[in-house]
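Here chain A shows up in two complexes: once beside chain B, once beside chain C.
Then we have the complex of A and B:
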């Protein structure tokens, strides 16, 4: 029974990780930029959700939509006002990484100063807990995989069915070819930042529904998880990151079946490391990673 | 010096605000000495603690230091011995603080005493035979979890699950799944203000019928605000400090604290520890041996620890209700 309970929990957190992986992969695969400031965007999206629900008393779903718009705007701003100017000035990838980390640290500390170190919670009226075959699920845990599945399905459909999606996927393979065909790749990259960032508040909102809080530090672990899901999925495939995120959550949860919970993270990341040693291209990756720091 | 940014910054800020209130009162009393504070951010990290200690001791030439965090205290206690700098422990509850240095004085009860009080109360008065622990894997969680478990087992009870979570964790589903499977009578929960409210909320969601026990760090307005209805009914132990007490020294403390903190009442005992440490230092200048404080009388043992009364409390709505006070 414990195994089934942990598996159910793994599917719940894995669904959230899938969204984080999708978000990170969309931005990195298409732009080759290590956007660590995504952690700051995630955190700021959380505070946008808090302001909408807690301070302005807007409905939760409307607050999520507002937070998505805020995050999309922050994603675009990251590209326009941080990475694009740095690239124009000939900054190396390492400089961009440092700048990105700097933005995350500054943002976290400003939030700390303004909102204080204590976390905030949001009361969300969700479905009642249910027991399926002896497995106990809170309303949020039950709903999350379905919401994530719908979001991932719509997102992947957009990637494969729309012109933007086609351009984005083409950008992953060969930017030069797109430029020769007159495609404005700078615009495609901006849209990649916007769409990838807009996914973040959905992931956070699903956690909040299950009792998680919003504090200045929530973005750090989200960034690590998103990056790990992207690597495990394969850095040249966006859907692979969603699948890897789901599996990462399940493995992380099931690790607690065999080991004490303090070993959970170490065991999960050791397994991820072994997997990458055996298959560096990731789950659905097609070629060896071409990006470098 | 204390964690003033990042994880656990709230506790550091309470201590600094409490110490500032003491300095304000001492300076207003015009006792002959003028007290001023220099705050250094250790982020509760040993290396940062050593850097902060060296700066305060060698550059600022302070008269005494207030510190906390078990790993920071362990790293800096030898420096206090070498430099003969008096250091007050205002936040580390690990049993290792006893006798750590002849120059270190703890103004808070170490975890073995108050967790012992709670463990015996849980077993004998509340009738819990099996308890699961849910704790943060750091300086705060591990010592409290260890001492509570030892005391509960010594009383005759059984710890059926001990589940740790990472600092700043957001999801406790795995730990709570294992706790549910172990079928305890109650959960003993320890964390920092960054995790406690959310661990409590998720515990109430995933194990709605299990009573929650906790520790002194839970007693704050910030916890009540963030935990909401999940806070109700939690039983915990803390230093028998009451910010609404009629005692004159407590009134003086609360007034000075409110004056500098937008009228906020210092509900956390950590603010009281900061206040008491400053007051003890001021009194020590007058060669006194017993130091009445807002968190109880301070009579130091030879190992630098202090014996204080412990209160067993319960959260009733937005109130902290005292169930019993246990004398040391």
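Then we have the complex of A and C:
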């Protein structure tokens, strides 16, 4: 019974991780930038939800849409005002990572100064809790896998059916070739930042519906989970990140079946790293990435 | 006031050593990791726990810290060095989060409350008590370490590290075991961080998880970046900038609850400004992962 409950929780958490993985993968695969400031975008998206529904009492769905627009804009801004100028100055990847971390520190502490260190929860009227065969799920937890599935399906369809999606996937392999064909890769990258960032508020909303709070330090772990999911899925495939995110959530939850909860994260990441050691290409990946950092 | 300044200098000496140890890895060898805060913590906790439980002395505690940092660094290095640099970033960041979580949740580390009452160093029967005592002892230790490290980076081994940073294939073609050299750099860097952790614990006498979290790792990385990668003196300058400037804010008329975030804000702004205006750092070392 405990196992079934943990599995159900794992599917819930994994659905959220799938979105985080998809988000990180969209940006990293196409630009090869370690976008740590994504943690800041994520946190700011959370506060957008808080201000929208918690403070202004807007309908939750409207808040989510606003937060998505905010995050997309922040994503574009990160590329336009942070990474692109740094790139023009000939900054190494390392300097870009440091600048990204710097922006994350600035953003987190501005939030800390303005909203204070304590977390906020947002009251959202979700569906009623559900008990199936002794497995208890809140309404939000029950809804999450379905919402995530729809979002992932639409996202992957866009990735494979639209011209933008094709350009984005082509960017993973060969930027040179796209440029030769007269495709504005800078624009594709901006769109990658926008679409990847716009996924974050959906993940946040699903967590918030299940009672998770918003505080200035929620971003770092979300970025790490997204990155972990992307590497596990395969560094050169975007859909792989969604699958890996789901599995990561399930493994993390099931780890509590065998180990004390304080070891949960340690066990999950250790397993993930062992997996990557044995299969560096990830679940769905094709080739080994070239060393560049 | 005098004690306060001496205290800042003791902190500076410790962070200098941390920044130097990270610079060996990131600046000299070109390996980018985000785990130094956790390695620092591994030294602090292992030395602190053994000192509290078994009453080991100053030198043994230092050795314990050294070994703990080196071992954990080795555990990170062996799997992640087989693949490209991006995996190293991920693996090190993952280990950082795992260790932060363990420091926070295990019983033996005292959980969120941390460890209190770590014994102060006793050297030849003399208990180190005042900040002045600490400064003398720690500056001597840091100076000895600095001399050893300077010797090392100018030795053939140091040259090999830089060669690996510039182009792995060339030293490989000369028959050098690049993998083994990288592992050695990792262990050395981690061991020094662990030693610094042991020294830190015996100075503050109280350690808690937030001194060793991902923010601590970023803080040490920033020192290396601001000073200039691949320069030992640069690492010291970087540590000085980031230890002293936030301390100066203490003298502004700020409410104490705003002091912490404001400090962080200033430090974040310094970091971003350096990335844009002086990406090679103050001393302008030629190193760093590309």
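Basically, the second predicted complex is superposed on the first by the 291 of 293 C-alpha atoms of A that agree within 3 Å, B and C clash if a C-alpha of one lies under 4 Å from a C-alpha of the other, contacts with A are read in each partner's own complex, and residues count from 1 in each chain.
Just so we're on the same page, a residue touches a chain if its C-beta (ideal position, glycine included) is under 8 Å from a C-beta of that chain, and two chains touch if they have at least 3 such contacts.
Here the structure is a predicted model, which means the values were calculated and not measured.
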Fit-or-clash call for chain B and chain C when the two complexes are aligned on chain A: clash
Which superposed partner A:89 touches (first chain B, second chain C, both, neither): second
Touched partner set for A:221, first chain B, second chain C, both or neither: both
Partner chain(s) touched by A:9 [first = chain B, second = chain C, both, neither]: first
Partner chain in contact with A:102 - chain B first, chain C second, else both or neither: second
Touched partner set for A:253, first chain B, second chain C, both or neither: first
Which superposed partner A:112 touches (first chain B, second chain C, both, neither): both
Partner chain in contact with A:210 - chain B first, chain C second, else both or neither: first
Touching partner for A:80 - first (chain B), second (chain C), both, neither: neither
Residue contacts on chain A - larger count, chain B or chain C: C
Partner chain(s) touched by A:270 [first = chain B, second = chain C, both, neither]: second
Colliding stretch - chain B into chain C, listed as 58-66, 184-192, 256-264 or 274-282: 58-66
Residues of chain A at both interfaces, chain B in one complex, chain C in the other: 109, 112, 220-221, 261-262, 265
Chain A-touching residues of chain B, taken from the complex the two chains share: 5-10, 13, 137, 162-166, 168, 170-175, 177-178, 180-181, 193-194, 197-198, 201-202, 204-206, 208, 222-223, 225-228, 230
Residue ranges of chain C touching chain A (in the complex, touch as defined): 26, 32, 79-80, 82-91, 93-95, 97-98, 101-102, 105-106, 168, 214-215, 218, 221-222, 225, 229, 258, 261-262, 264-265, 267-269, 271-272, 274-276, 279, 288-290
Interface residues, chain A side, partner chain C - complex: 34, 85-86, 89, 91-99, 101-106, 108-110, 112-113, 220-221, 224, 227-228, 231, 235, 261-263, 265-266, 269-270, 272-274, 276-277, 280, 288-293
List of chain A residues in touch with chain B within their complex: 1-2, 5-6, 9, 12-13, 109, 112, 116-121, 123, 129, 136, 138, 140-141, 207, 210-213, 215, 217-218, 220-221, 252-253, 256, 260-262, 264-265
